[in-house]
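Across the two complexes that follow, chain A remains constant while its partner is chain B and subsequently chain C.
== the complex of A and B ==
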């Protein structure tokens, strides 16, 4: 009976205040997606022509990188909860490396665009391209910093797998990283796949 | 290693990778997906992926009702909104 009750009891992952922040971010991005969709409809020919200059291969590679990083963070959190601190630290480190790989890929992609003479102010599509991916990249940097501190925390003296504070803090950090993945899951098809 | 392969999160991750690949392949029929059906399928796949991440990686499946409903409302709103703009 107790086991069944435990399974059914709702559990919020991380701090509730963090969820308010995440939901706020999701709403802001939804509005940006709608603005993009509206302008795409208004200037369909221009948007479609501009989209052909993007390489969907970069978008796809970045999708796989972020999905993998999210999975690594899930496994890291599971390890932390079972007090496998070294394993958790490794998972968080590999997730950070995925973030770094995403950054390198983004710099190469931006570099290619800028070298071919494309700028943010060229037209509405490129404004959205640089705005959506740029804001997202800021999230990646914040997320990588968060992963760094999560790794440091699981290896530190203050960490305890049985402490609600320790685990809740890690869950909040992990959820922020998943948000980075979540946003890219929608940015990728909007900019690269559909027109 | 065996534990990793048997973990539900690993199965979800593989599913997410496969769905991403299918979206990309679908869009490659022309250089971009422009038909309503292709766009609708890619949007369904993307929002389904988003929901998988929210429910399984962010543990929303076990969250209190207010969070589960908020997240589902967001997924549904984004889907309907984008489908309307791209139809």
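== the complex of A and C ==
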């Protein structure tokens, strides 16, 4: 393929078939949000009252952490495309550290809840709170693992900035991280803010 | 090379027998749509087994028969995975087969426990209740092996870098997605009501969608892989290479 036709061809970020995972995951979360919304209507007072025990500060800090990490991944991808491998690797590393910071903050938040006597099975609001954030946290861990392998690839000998395979692989990983970010941006207002 | 195409097709098509038996047992005979509510107390659970004794015995029997048809299906998947991994070492194919065995066991044991509950339904209700609970734990909650199984398949499909892969790459990502879908069923040990209880929207209906959806998609993809393999061998031997 010459460069002219390459430019004309529509570009799908990452591997096209990976979108089955990204969109599929969004569908699962959409269904969970729908269930949350339905139960919220059924027990509005209980949900509103339970929501006041959450600390929106944690949620907000987590949002900032993940938005920063997404920006770092974008910068890393940019560096990788221009063959600045060391800087790309650093960006991915810092994004990973953001993921770790998110994890630490989540542990503190869960710890405070459990210490104040709040449990998963107390009522339906806390069920959604722990399960939606818990499933999301699993995504964060998988995303951090993905970033680890992206960093390794960018430093490894199989990487080439001009290879479609290399870039598309990195884009796929980056897209997963953006999904992690996107899901949190939906979870945060839903659980912490909208009463 | 001997491909045993027909034996492979018999194995992969057993997925359809599995679906048929499971639906006949669960929907047609037992009529558990949705399942027994986890909210029922011991007397109410015992009542169900006292009033439907032979129906539930038969449903359990059909379920145990259906469950074993998941085995050949798992074998068919592994046979195609070995084409990706190689004939000498194929850890992911073996892992897939090992983990599918536990899922076979979980469905089989659920059927056994329904038969056990209905075998002496006049016994103390608490005893029936605990066995009934256990049957639902197996039937809906025994998910970790299935998660590892679909992850093994997904990973194997995605490391296949030949020009025309044995199984399409979307199928690899589809398996990773299904792994996340299965996880939603893990709430059954904590809740007796709501979407995450074993009769709930997430743990029952979504999990059923993912389980049967996975079987149908996998059946189609693996069957295509078997047929392509056979066609490839035929064209090679026509050229006199084999």
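Quick note on the criterion: the second predicted complex is superposed on the first by the 186 of 195 C-alpha atoms of A that agree within 3 Å, B and C clash if a C-alpha of one lies under 4 Å from a C-alpha of the other, contacts with A are read in each partner's own complex, and residues count from 1 in each chain.
The working rule: contacts are C-beta pairs under 8 Å (C-beta built on N, C-alpha and C of every residue); 3 or more make two chains touch, one makes a residue touch a chain.
Since the structure is predicted, the reported quantities are computational estimates derived from the model, not experimental observations.
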Larger contact residue set on chain A - chain B or chain C: B
Partner chain(s) touched by A:12 [first = chain B, second = chain C, both, neither]: first
Which of chain B and chain C A:52 touches, first, second, both or neither: first
Which of chain B and chain C A:100 touches, first, second, both or neither: neither
Touched partner set for A:112, first chain B, second chain C, both or neither: neither
First (chain B), second (chain C), both or neither touched by A:178: first
Which of chain B and chain C A:32 touches, first, second, both or neither: second
Partner chain in contact with A:161 - chain B first, chain C second, else both or neither: neither
Contacts of A:60 with chain B and chain C, given as first, second, both or neither: first
Residue numbers on chain A that touch chain B, as the complex places them: 10-13, 19, 23, 26-27, 30, 33-34, 37-38, 40-41, 48, 51-52, 56, 60, 63-64, 67-68, 70-71, 73-75, 78, 171, 174-175, 178-179, 181-182, 185-186, 188-190, 192-195
Partner chain A, residues of chain C touching it in the complex: 168-170, 172-174, 176-177, 180-181, 183-184, 187, 190-191, 194-196, 201-202, 206
Contacting residues of chain A [partner chain C, same complex]: 15, 17-18, 20-21, 24-25, 28, 31-32, 35, 39, 120-121, 124, 127, 131, 135, 138
Complex contacts: residues of chain B adjacent to chain A: 4, 7, 9-10, 12-13, 16-17, 20-21, 23-24, 26-28, 31-34, 38-39, 42-43, 45-47, 49-50, 53-54, 57-60, 62-65, 67, 70-71, 74, 77-78, 81-82, 84-86
